[in-house]
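Which chain is which? They are A, B, C and D, in the order written, and residues in each are numbered from 1.
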Amino acid sequence: MNPLLSVRNLTVRFGETTAVDDVSFDLPRGGALGIVGESGSGKSVTCRALMKLLPSVAKIDGAITFDGDDILGASEAKLNTLRGKRIAMIFQSPASHLDPLMRIGDQVAETLRKHTDLKGRAIQDEVLRLLDVVRIPDVQRCARAYPHELSGGMKQRAMIAGALACKPDLLLADEPTTALDATVQKSVLDLLAELRRTQGLSMIFVSHDLGAVARVCDDVLVMRKSKLVETGKIRDVIENPQHEYTQMLIASHPDRLRLHKPQDVARAAPLFEVKGVQIRYGGGSILDSLMGREGGFVAVKGASFSVQRGEALGIVGESGSGKTTLARSLVGLVKTAKGEILYEGSPAEPTGRNRAAYLRDVQLVYQHPYEALSPRICIRDAIGEPLRRHKLCSPKDIPAKVADLMQQVDLAPELGDRLPAQLSGGQCQRVAIARALAMDPRVLIADEVTSALDVTLQAQVMDLLIRLQKERGLTMIFISHDLAVIRRLCNSVIVMRQGEIVEAGPTADVFDSPTQDYTRTLIDAIPRLDAAPA
Amino acid sequence: MLNSRRLACATIVAASIASGVMAQDVVRIASPNKVTVLDPIASAAAGNIEAFGQLYARLLRRDTSGALQPALAESWTVSKDGLTYTFELHDAKFSDGTDITAQDVAFSLNRVAKDEASSYPAAFVPVKAFTAIDDDTVELTLEYPSAPMLSYMEIFNAGIVSMDDVQARGDEAFLTTPVSSGPFMVEVWKPNDRLILKANPYYWREGYPKVAGAELIEISDDNTRGSMIMAGEIDANRGVPFAQVDEMNANDGVTVPLEPSTLIYEIMPNHAVAPFDNINVRKAAAMALHREAMVKAMTLGKAVVANSTLPNALTYYAADVAAPSYDPAAARALLEAEGALGAEVTLMVTPQFEQAATLLKAQWDAAGFKTSVERVDPGLWWDRLTKGEYQVTVNWWYNETEDPDLAVRWAVCGTCGNKSYYTNYNNEEVNAMVEAALREQDDTKRSAIYGEIQRISTEELAQIPLYYPPFANAYSTRIKGLTLTPSLQWTLEEAEFVE
Amino acid sequence: MKSLRFIVSRMLQSVPVLFGVSIVTFLLMIATPGDPIRLLVGVRASEETIALIRDRYGLDDPILSQYFTYLGNLLQGDLGASLRFKVPVSDLVGQFYPVTLFLVVYSIILILPPVVVLSVWSAKRPNGLADQVIRVLGVMGLAIPVFWMALLLARFFGVTLGWFPVSGFGDTFIEHLHHLFLPALSTAIWVIPILTRNLRSALLDEMNRDYVLAGMSKGLGEAQVFRTHVFPNSVLPTLNLFAVIVAYLLGGSVIVETVYAVPGMGKLMVDSILARDYFVVQGATLVFALTTIVVMLAVDLISGLIDPRINT
Amino acid sequence: MKMSPMFLWGAGLVALWGVIALAAPMLATHDPYAIDFEALLQAPSAQHFFGTDNVGRDTFSRVIYGARLALYIGILGVIAPMLIGMAIGLTAGYFGGWVDSIAMRVVDVAVPFPFFVLVLSIVAVLGPGIENYFIALALVGWVGYARLARAEAIVLRSSEFVMAARTMGFSHPYILFRHVLPNALSPVVVYMMTDVTLVILFGAALGFLGMGVAPPAAEWGVMISEGQIYISTAWWISFFPGLAMVLIGVGFALMGDGLAKMLRIER
């Protein structure tokens, strides 16, 4: 029986650059194929080529045959009868792939209107049914809602519902879970796996995360630098990877990283003490004061914890749990409404008079590598800036100091003249770290530093941080939604949920014997390589 | 084909503007001058003058040839000493159907002469009183004789208003629809846009006006008015730039007859401030100018070069006097002699005198002045002029009558209220002669006096005369009998459409 | 309900704004040299007469008391009376405002279709021939002085061809359309390029959005994706610029109104400024300001309708 | 950053005008102010390339010299408003709070003003003339810039790199200049390019309404309005200045579009 989809020597070029280089594979009916690779590996382009959804500048060679139809040869008209009807696609970041001005229901209905003869009422019912299929609660409301009114998980489910509308034979999933919280990610993966069984979907699942692929797929392709490096049954690939890149990929998966033993810390007077800190956004308006209420939205409710010298504290929680807000309050980016922050026993004034002095000790590294650097300042100047402004060393020494810092974070000196936009995410993150180190801080707060990076980069950055902590005896506070990262790096951990600290303690205890169900679900949600397919 | 379209379009426009009335019997006149008030004594601004004549009949009127004719007064007698005038009134009615009585006439004319708010009483200064002898006899008594007094019974503010109405409504009377005694009455007044007139059924003159109505439309832009008349949207265009006269004439359906006026364009030095307080500097300024060439450039040869401080259309106009003629070398020499070489002068002009300003600056600088041009809007111009806050400027003026009395009072008399058109020219001798000439009954003697006035004031360059332009108004060939009299009155009642 | 509260609050906010506008205008007029009375009674009137009438109009009272009298009347909805015509300013506004409003709306109607067509056309193939031509023509339309262009149009369509009136407003609706065609056209010629440029770039931005890809993946085809997704999203930024332009047109129609002798607010304004007719200038400015505020509000409401993320 | 061809064309055109302005004395065939009673309203000829005007001045030379005033008006006329607008807009947007609300109230008052009327009355107050025209523009024109700059500043304020600068203990003024300003500039510059054209045009329009630059200055707007009544008898008087105005406008507009492309940072 011939495969549903067969790809032969697929090559995609954008002008000079070759995005996909001579890729061939088959997908049997009902099969599920994972394509794994890091950003820029060409996996997404491959996926889009299957629908011929590439900009006109792309030059496509090779052959793609879907159920006997030649895709690359087909006319737009012909393709549009396949797209959405027989081949459907779901994307990363549902937020941007849904039209912000159109109701969810209508966007799901679009496919039905286009490809079926359903009319009015019938469409409504079908939409509701689909939304129900993807486990969306309160389908009525959701159908009427606009994208911005739904959570990321709900958006993704809605998009899946739209993809399923016409019972396609093939579902192309392009990083469908990357932007989501761990728990949500897990549930979506489970949903996909289930749909596979129930709807008899064939699926191509593109992801940078082997763990995620392992949950849904039987077979896997590993791509690197637009080439296919390894293919095979997912189990085999995970158990004994042939290609060294695959091996590195697997080695650097949080699940496989050797747990480093954080230096244990003297139970002395804590360096940081946070007492009942409450943080509020908005509020305090005249109206509020008139009505004698506090108003606004409370992001952090009475958080209390302490950090020892040289300790590595992890703060975990899903998006909106207030962990980032809490971190920012430590460096005075947000004012605390209640409670106090003690640094070395005396009240820290991150916004007050001698903030400069305090901030030299306490530095924050941000989540998005590109956005954290001023776009029009070359990275050498970016790193030198604090030195120059705070006169941390004599002007003539600055170049040397900068070079030293760059070398410390493994940045090639020649990158110095580049603008952030001309660097990779990992490099930018290093620049950000180097810039923080320029202040020679004692405390480094890392806010989701790894979450925007590919796994191999994640591993490298983590190693870097560990090394720096050792060398400089830094005290660190890691904020992350990725428990694997936290587990690896931290002595102790705080679990936050909706602005409250729900659990805290030494990492090992929290992970091995969580007292809270919430914590447990978080831990369960960690994508594992050895997890059985859902 | 195009023409028919044009015609169709024209009719639409006409119909639209004439609001219901058939296009062919309403005369549409576009003028840059604005109608701002309807009370004949309240303003002496050009736009209002042009409107007053249509609303308020006077005791006398001028025919199309310009000759004085009986109007509301069918006859009159003047006493030997010239101090008493007696007017016999025609039977006539106001637009509201009430009779125009001697009381109305006396009331109206006394308002002009005596009311403290009367904007231009100059002509009536000698007046002791207007008194109604009986219902149709009015007697005018003077403090002292005034030769031109009879002709003043025709000027724009000598119009007759309804005493009852004015006393009843007060200022209200003139707000929107005054009771009119002239050929037309107000149908609608759209301030700042147009005054729509309709024929006054009670007008004293049988068979007049010949048209059903008229519209005085204010259009500030020369080109717009030009386009309008060429497109057939109006029947008369008040004030065609000389540059466009030939173009308009060439356009079928439009003619631009150059009509006699009492206009004079002149340079106005301020005699109260340096350097033009100095007669020789004024002379130099005059000699620096090639006036013939200037006039040719400014009017394309359509105006006469002025030689006197008074308009050439006036009786007793002295053709023999002359301002110093073009001689830049002499001008420079004169300036040097006066130590005024390189004297800085600021020439204040309104936008309409840009060309003149350019010419003056070029020639004066050539002769050794340092001229800078200051461009102001009319509002500011009047303010500065009347306050005497200027060195030299350019403007025109006209005279209501052919008699020079008002003209000399306006232009060269330092003690007649206007400081010689606010140039502060003040010559005792001239002032005295102005009064004498008014009282003088003998024609030849008056002629001599006015000649002398012109000689002196021109010699002393009270103003530097530039030219005497004709009225250049464009008329549609659809109408005949419409002209603008030298006293700025449209002969609308005579106008009619040609079939 | 929610949007009603929005409207009310915005209207409340506009009160101090109008107050500010009235102060600025008043100061401007006070500072303007030139005597309205002189212009009113004309050349020949003597100083004495002028002084007398100035006094009658209370123009010699101290400035502050003048302003407060004015403000007092204003609060009672009285815009004062014209110095020149002695008629209430509200009457004048009532006479001239509808014309300008008609002209502006007419212009908008002439402007929008070409803007949409042109910008879509040039966005289809960026930097293609059509795009280049449209852009260059646009720049020219922008750079040609309105009054100059207007004059040429008047002479050609009005006089030479005789297709359209070169002046006036007409009485019936049809006549309005006929009379104001050339003025509206002259306005459109320089407004179209501005909006086109704006909408074009908005379209280009939106065409690269992810949801376009998503739409294509549903097999909707370019045309439908453009119609249902790209276009609505592109309209928003243009809408705001549009508001600014409309506001500008309301006050900036001066030139066009002058050239085509349209009896509108622009003409009233300029004439009043030149004649130093203080109260008319103030009243008219306030009306302008109010209109602008309303337009802005309307646009915000519309964007609210289009874009659920904006909460009005 | 690589030059976009559009920018180069525009810049070239503007530069050309710049050269013309500087080299005016060399290029001009006649004294632009010299009147000549013998040569009134002459059609374009070898003698007078662009003909002569109603006082016999050489239109070609006047157009050449006009470039000086045009650039002067255009550039000075936008610089002042730009600086004022940027200063207000950036501070307001960056600091927010009461600073913002005060600035925005001022803007609120300025926005609903009919632009033209305001310029007109300001010119009426100060009297005509280029300098006063600039003042009027500065008093009115800054609003557009302020709004743009503010919008940008608000976005940048909450961007991570500005926060990073804060947490490195830098002062507000420093951050405003080093980090906010450079990234807020591009839309402003683009807007500026269109503004230049409009400013030059407004100059002309004021001339038309009789409030422009005083004669005999060789200013295109004044020339056009002077030539208006000769539109059908001596078209060249107003045509050539008009043409010049279009060409300079095209130059600036192209520059604007080009800059918009170039200032975008591609990743």
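Here is the rule we use: a contact is a pair of C-beta atoms (placed from the backbone, for glycine too) under 8 Å apart; a residue touches a chain by one contact, two chains touch by 3 or more.
As the structure is a prediction and not an experimental result, all values here were calculated from the model.
Student: Taking a step as a move to a touching chain, how many steps at least join subunit A to subunit B?
Tutor: The fewest steps needed to get from subunit A to subunit B is 2.
Student: Find the chain most remote from subunit C, comparing centres computed as mean CA coordinates.
Tutor: Most distant chain from subunit C: A.
Student: Could you say which chain's mean Cα position falls nearest to the mean Cα position of the entire protein shown?
Tutor: C
Student: What's the distance between the Cα centroids of subunit C and subunit D, rounded to whole Å?
Tutor: 21
Student: Just the number, please: Cα centre separation of subunit B and subunit D in whole Å.
Tutor: It comes to 43 Å between the two C-alpha centres.
Student: Distance between subunit B and subunit C based on Cα centroids, please, to the nearest Å.
Tutor: Subunit B and subunit C have C-alpha centres separated by 38 Å.
Student: Need the CA-centroid distance for the pair subunit A / subunit C, whole Å please.
Tutor: The answer is 49 Å.
Student: In subunit B, which residues are in touch with two or more of the other chains?
Tutor: Subunit B, residues with two or more chain partners: 223, 377, 379-380.
Student: Which residues does subunit C have that touch at least 2 chains other than itself?
Tutor: Where subunit C meets two or more other chains at a single residue, that happens at 32-34, 151, 155, 258, 274.
Student: Which residue numbers or ranges of subunit D touch two or more of the other chains?
Tutor: Each of 124, 127, 228, 231-232 in subunit D touches at least two other chains.
Student: Could you please write down every pair of chains that are in touch?
Tutor: By the stated definition, chains touch in these pairs: A-C, A-D, B-C, B-D, C-D.
Student: Can you check the complex and tell me which residues of subunit A touch subunit C?
Tutor: Spelled out, the residues of subunit A in touch with subunit C are 48, 51, 53, 76-77, 79-85, 88-89, 91, 93, 96-102, 110-111, 114-115, 146, 148-149, 159, 162, 172.
Student: Report the residues of subunit D in contact with subunit C in the complex, numbered from low to high.
Tutor: These residues of subunit D touch subunit C: 105, 108-109, 111-118, 120-122, 124-125, 127, 194, 197-198, 201, 204-205, 208-209, 221, 224-225, 228, 231-232, 238, 242, 245-250, 253-254, 257, 260.
Student: In the complex of these two chains, what residues of subunit D are touching subunit B?
Tutor: Residues 33-35, 37, 40, 54-57, 124, 127-129, 210-212, 214-216, 222, 226, 228-234 of subunit D touch subunit B in their complex.
Student: Which residues of subunit C touch subunit B in the complex?
Tutor: Its residues touching subunit B are 32-36, 38-50, 52-53, 56, 82, 84-87, 92, 95-96, 151, 154-155, 158-159, 161-168, 170-172, 175, 178-179, 258-261, 263, 267-268, 271-272, 274-276.
Student: With touch defined as at the start, can you tell me which subunit B residues reach subunit D in the complex?
Tutor: Against subunit D, the touching part of subunit B is residues 222-223, 226, 241, 243-244, 246-247, 290, 293-294, 296-297, 350-352, 354-355, 357-359, 361-363, 373-377, 379-380.
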